[in-house]
Amino acid sequence: MKLHEYQSKQIFSKYGIKIPKGRVASTASEAKQIAEELGGNVVIKSQVLVGGRGKAGGIKVAKNPDEAEQFATQILGMEIKGLPVRKVLVDEAASIAQEIYLGITNDRAAKKPVIMASSAGGVEIEEVAKTNPEKIYKLHVNPLVGIKDYQARDIAGGINLPREHWNAFSEILKGLWRVYNDYDAELAEINPLVITSDNHLVALDGKMLIDDNSLFRHPELSEMRDTDEDAPSEIEARKFGLTFIKLDGNIGCMVNGAGLAMASMDILKLSGGEPANFLDIGGGASAEKVAAAMRIILSDPNVKAILFNIFGGITRGDEVARGILAAIAEVKPKVPMVVRLVGTNATEGRALLANANMITAETLLEAAQKAVAAAKGELK
Amino acid sequence: MSILVNKNTRLLVQGITGSEGLFHTKQMVAYGTQVVGGVTPGKGGGWANENIPIFDSVKMAVETTGANTSIIFVPARFAADSIFEAADAGIPFIVCITEGIPVSDMMRVRNYIDQKGVRLLGPNCPGLLTPGEAKVGIIPGDIAIPGNIGIVSRSGTLTYEVLYALKQVGMGSSTTVGIGGDPVNGTNHIDILRMFEDDPKTDKIVMIGEIGGSDEEKAAEFIATKMTKPVVGFIAGQTAPAGKRMGHAGAIIEGGSGSAADKIRALENAGVKVARHPEEIPSLLR
Amino acid sequence: MKLHEYQSKQIFSKYGIKIPKGRVASTASEAKQIAEELGGNVVIKSQVLVGGRGKAGGIKVAKNPDEAEQFATQILGMEIKGLPVRKVLVDEAASIAQEIYLGITNDRAAKKPVIMASSAGGVEIEEVAKTNPEKIYKLHVNPLVGIKDYQARDIAGGINLPREHWNAFSEILKGLWRVYNDYDAELAEINPLVITSDNHLVALDGKMLIDDNSLFRHPELSEMRDTDEDAPSEIEARKFGLTFIKLDGNIGCMVNGAGLAMASMDILKLSGGEPANFLDIGGGASAEKVAAAMRIILSDPNVKAILFNIFGGITRGDEVARGILAAIAEVKPKVPMVVRLVGTNATEGRALLANANMITAETLLEAAQKAVAAAKGELK
Amino acid sequence: MSILVNKNTRLLVQGITGSEGLFHTKQMVAYGTQVVGGVTPGKGGGWANENIPIFDSVKMAVETTGANTSIIFVPARFAADSIFEAADAGIPFIVCITEGIPVSDMMRVRNYIDQKGVRLLGPNCPGLLTPGEAKVGIIPGDIAIPGNIGIVSRSGTLTYEVLYALKQVGMGSSTTVGIGGDPVNGTNHIDILRMFEDDPKTDKIVMIGEIGGSDEEKAAEFIATKMTKPVVGFIAGQTAPAGKRMGHAGAIIEGGSGSAADKIRALENAGVKVARHPEEIPSLLR
């Protein structure tokens, strides 16, 4: 899950990393009041979970509280990349001498955390990676050992940071390392980390991505989740432990296993159809889960047919069949359904579904082709 | 011959009393796998599936049973510790089925077991199957027959699909290995490709990849430079949108890299025949 | 340095390990008052830094506050193995079903911390090691990884702890592990860890040894140091960063390097003398340090001669010579002094000492023999 | 030939600008050791002893100078990190002179460098000397001459004593190694004895131990079973009282074990001639 800038920075601050004075506001008048408290010269920053807020006009510098109110009104009325702005962060404006990038993320190839830093801060790191890859300094950290002072110095030297800032930089990096670890972050990023004109190091912007698999260790974070970026069906699916991604096609898919679900989408496309979703019901799915999955698929009015492709392994065919039957009884779907059931307890499952008026298929290709035909109304 | 598991595998099941652990223990026993013991802390001294002894710790289980392979079915929040425990007890080959282990845990695990020389398969994988010899994992035994094709895959059920398609045309597998769909795992495509290259029972190889990471691209380079046996490939996720995790924690197109198109191109450049869909694989193997 | 039982147990308690209710008292009336607060049935335990307090009569169970006062009076008047009892711990008496030993210490051979546990608690572990070595269960922990639940279970099983206590035991062991780590302990020990008759696990006694080299990380511990067990000269030496151990002979020794200091003592004995002390002035000793060392040696009235054996390496002969001269000027020693100076800057050192009226020697054996003769008054 | 250091040693000095570091750097340079660089964080770009470049990090120093050995003079509270830094920078042989490093730090260091295959000598040691070739440490160069005697010792100045006594009678050393007096260190007696046994320039060996631990007892077993070259021994601390640390953190008789008498007995049983005092060693070597 993604954290908002203001949430990330509050966490950074708890770990000793200096952030600008500021608070979050939901209304323009709140923003004005915060600006007054901060002395007037502030930055109004939209809090949405996408990049490119600045370019979209979602970040503005105000010279006084009235301007702050005016900008906050504008920004709180915006949508950025389709996401409504519900909150703005009102931060004391900083006087910037230099902008640095500093981030820690998982390097899946190296199986280690990697620290990335660049003297070209303030722009997205992917952008720097494309245009000035030599400006990104990387260092891997052994997760059993943690970060050491010499590594912090190595990075400081690697981005040509003036020596007078090495100690402060080292403390910030060690703080960020603890954030990254304590929160099981996939990314903990300060961009920009600025050297102010009075020679302080301040985290002007912050970003954190948390590993969803680790949320059992961080119940407090689940409450901070902003679901604006997710389709309602995706939120509903998460409640049931299902992985669902809404797409633009008209054939609903219910598959067990992520790889097979992707392959099923691919083969639908290859057969001339368009998948309405990615849906992995996961390993060992229960009948209840399957029923929930079916309801979610059918909540999409675009769906003209459903493809069930279940290959039993840890998932058992009979359980899935029971879930389908329960969902049919409850939702009474009007669209044609193509089912293919193979593997563990598939025979039992097929027996259960024998009277359910479903189109059956033996192979995946056959199932996909039948689903495409069904969606076109050529098969019922 | 075969790779990693065979008739001499003495298997320990960690989490044997959980519902999935017990279900698949029965399936493995039915397949003929030597399941020599199980571990569930606090239930040591009992029995699973009538005649499989349960131990409180992997250490005790290894001392008593001489287990040389372990399979893990314990819940995600305890699974990383289970891998540490198996490694500490001297198990040289660990298969972790569990899905949903935090990446931070897995990075610690990898950095620990690598220094011990322990091989991990998974997590979030279906395990592996040497048809006719041993099933260590959850791959349904009846969909595969013995043969000369080595299969390595990031995806579980997609592997079944391939085994099933092969069986329809009378083709069998030497060993089928699911390496799992997590971003940080124990064994990658290259590790298995190398074993297949060295395995006299394997003549051809099927490699199944998916979007995310750069494992397939590296495998392509390995195939081009180090392999003599023919490889047929398939990459899932050609229709996947960027920036969205397709179920597997590792299956995500990030920062413009890891797309199916890139991987297919890399494999084709390495001389790999890439199937358009799983059921096309048998014909490409002829 | 050693911590007292009450200090160790207070630390344990901070880490979630249950200890008996109780407080420390310096007077019998205080002890009585604590006993009253605790309901009367208490244990009075002498707080001295030696083992075998029980056998020496330094631990007594009182049935009521008056008895507590009476026993406290007795114990506070005692000396145990030469150490005066200045404090007693007054603990609520526990009803004990089983006594367990649990300790974590450095295993120098394995280069790892080792956890030791035994169902034969309540006696010293060295005693168990001699009489029932099979009753001690040991487990090494990788210091880069830390302790894991399965290791705690392994130990619980290894000492045949009933399963109902495994979880509580695991929490205590993990707490003790954090104590051991956070305090850089050489030993963190609970003995006995008791199972009370109402089925709780309580740390009845506690012991901690802290690595002196780590004290820079624990300034608060230095203040807790009880110096009763050290000779005043040893305390004085510590202030100057000198390693000094008082012995019973009459030849003061000042040597650089621990090994050479021991060998110098050995060769004195071999030559028929008795060393008055072990003294290592350490590597790179300054003139000030040398002067302090000389004052400390001369503070012992038994000293009849001094042997200086300095082999320069990181220590420089000229610095040592300057220290000796400064000390002579200040202390004006009346005892004969034998000096042997070799190695780095030895020539300069010998030149400095040429006029100081000292007995010189070329070899260590010669120096030792001259010092023995000097102590007997046969050489001046 | 010699062990561990020779004319090709390219030495890096960590803590080169400290007073001890600089003093001994000059001594090592004067001896003829190739000191190729120094490290003091924050002073990179400067020079020590006129022509030795100073770097901010070991990594930069290694990249620039090709150093293959490092010696550490930094204060105890930073020394463990300096060892980590050198190991991470790819230095295969690290000598740590620093005294007073917490044992907890050293246990982490050992468990880390062992997995990297890095050799550490020390800490709390005088380093080593291959007379006429290289001095890496603080052993005074002028007290030793080249020869065929390998010396390994837990004690610094006691080693000088032996070298000095040998020189008086015209005997020299192939390499002299001080392993240090800390309870947890990098290299032990056996490690060095094995190297001497394999070193064609070494014909006889002097092993100097002291009270505490069981290193000498283990070395005695090694000598009895694996060594063909004669060994002369000395154990310091015959008059040391039990339970008191004799200066070295590792020199303590604890729980009744580690006494000089035990060690001398073990060595004598292994056929080692044990000297009564250091100056007796030359005659026992004849």
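Order of writing sets the labels: A, B, C and D. Residues in every chain begin at 1.
Simple rule for what comes next: a residue touches a chain if its C-beta (ideal position, glycine included) is under 8 Å from a C-beta of that chain, and two chains touch if they have at least 3 such contacts.
For clarity, every value in this text was computed on a predicted model and none was experimentally measured.
Novice: A-D or A-C: which has the larger count of contacting C-beta pairs?
Specialist: A-D
Novice: Suppose each chain is reduced to the average of its Cα coordinates; what separation in Å results between chain B and chain D?
Specialist: For chain B versus chain D, the centre distance works out to 48 Å.
Novice: Rounded to a whole Å, what is the gap between the Cα centroids of chain A and chain C?
Specialist: Comparing mean C-alpha positions, chain C is 56 Å from chain A.
Novice: Per the centroid of Cα atoms for each chain, what is the distance between chain A and chain B, given in Å?
Specialist: 27
Novice: Got the chain B residues that touch at least 2 other chains?
Specialist: Expected reply: 108, 112.
Novice: By the touch rule stated above, which residues of chain C touch at least two different other chains?
Specialist: In chain C, residues 142, 144-145 touch at least two other chains, as defined above.
Novice: Does the chain-touch network form a line, ring, star, complete graph or other?
Specialist: other
Novice: For this structure, give each pair of chains that are touching.
Specialist: Once each pair is checked, the touching ones are A-B, A-C, A-D, B-C, C-D.
Novice: Please give the residue numbers of chain A that touch chain D in the complex, ascending.
Specialist: The touching residues are 142, 145, 148-151, 153-154, 157, 163, 166.
Novice: Along chain D, where are the residues that touch chain A in the complex?
Specialist: 41-42, 44, 56-60, 78, 81-82, 84-85, 88, 108, 112
Novice: Under the definition above, what is the set of chain D residues touching chain C in their complex?
Specialist: 20, 24, 27, 76-77, 97, 99-108, 110-112, 114, 126, 138-140, 143, 153-161, 164-165, 181, 183-184, 208, 210-211, 213-215, 218, 234, 236-241, 244-251, 255-256, 276-279
Novice: Which part of chain C faces chain A closely enough to touch in the complex?
Specialist: Per the stated touch rule, the residues are 144-145.
Novice: Going by the contact rule at the top, pick out the chain C residues touching chain D in the complex.
Specialist: Chain C residues touching chain D: 106, 108-109, 111-113, 126, 129, 142-144, 181, 184, 186, 211-214, 216-217, 243, 245, 247, 255-263, 265-270, 275, 278, 280, 282-284, 311-315, 342-344, 363-365.
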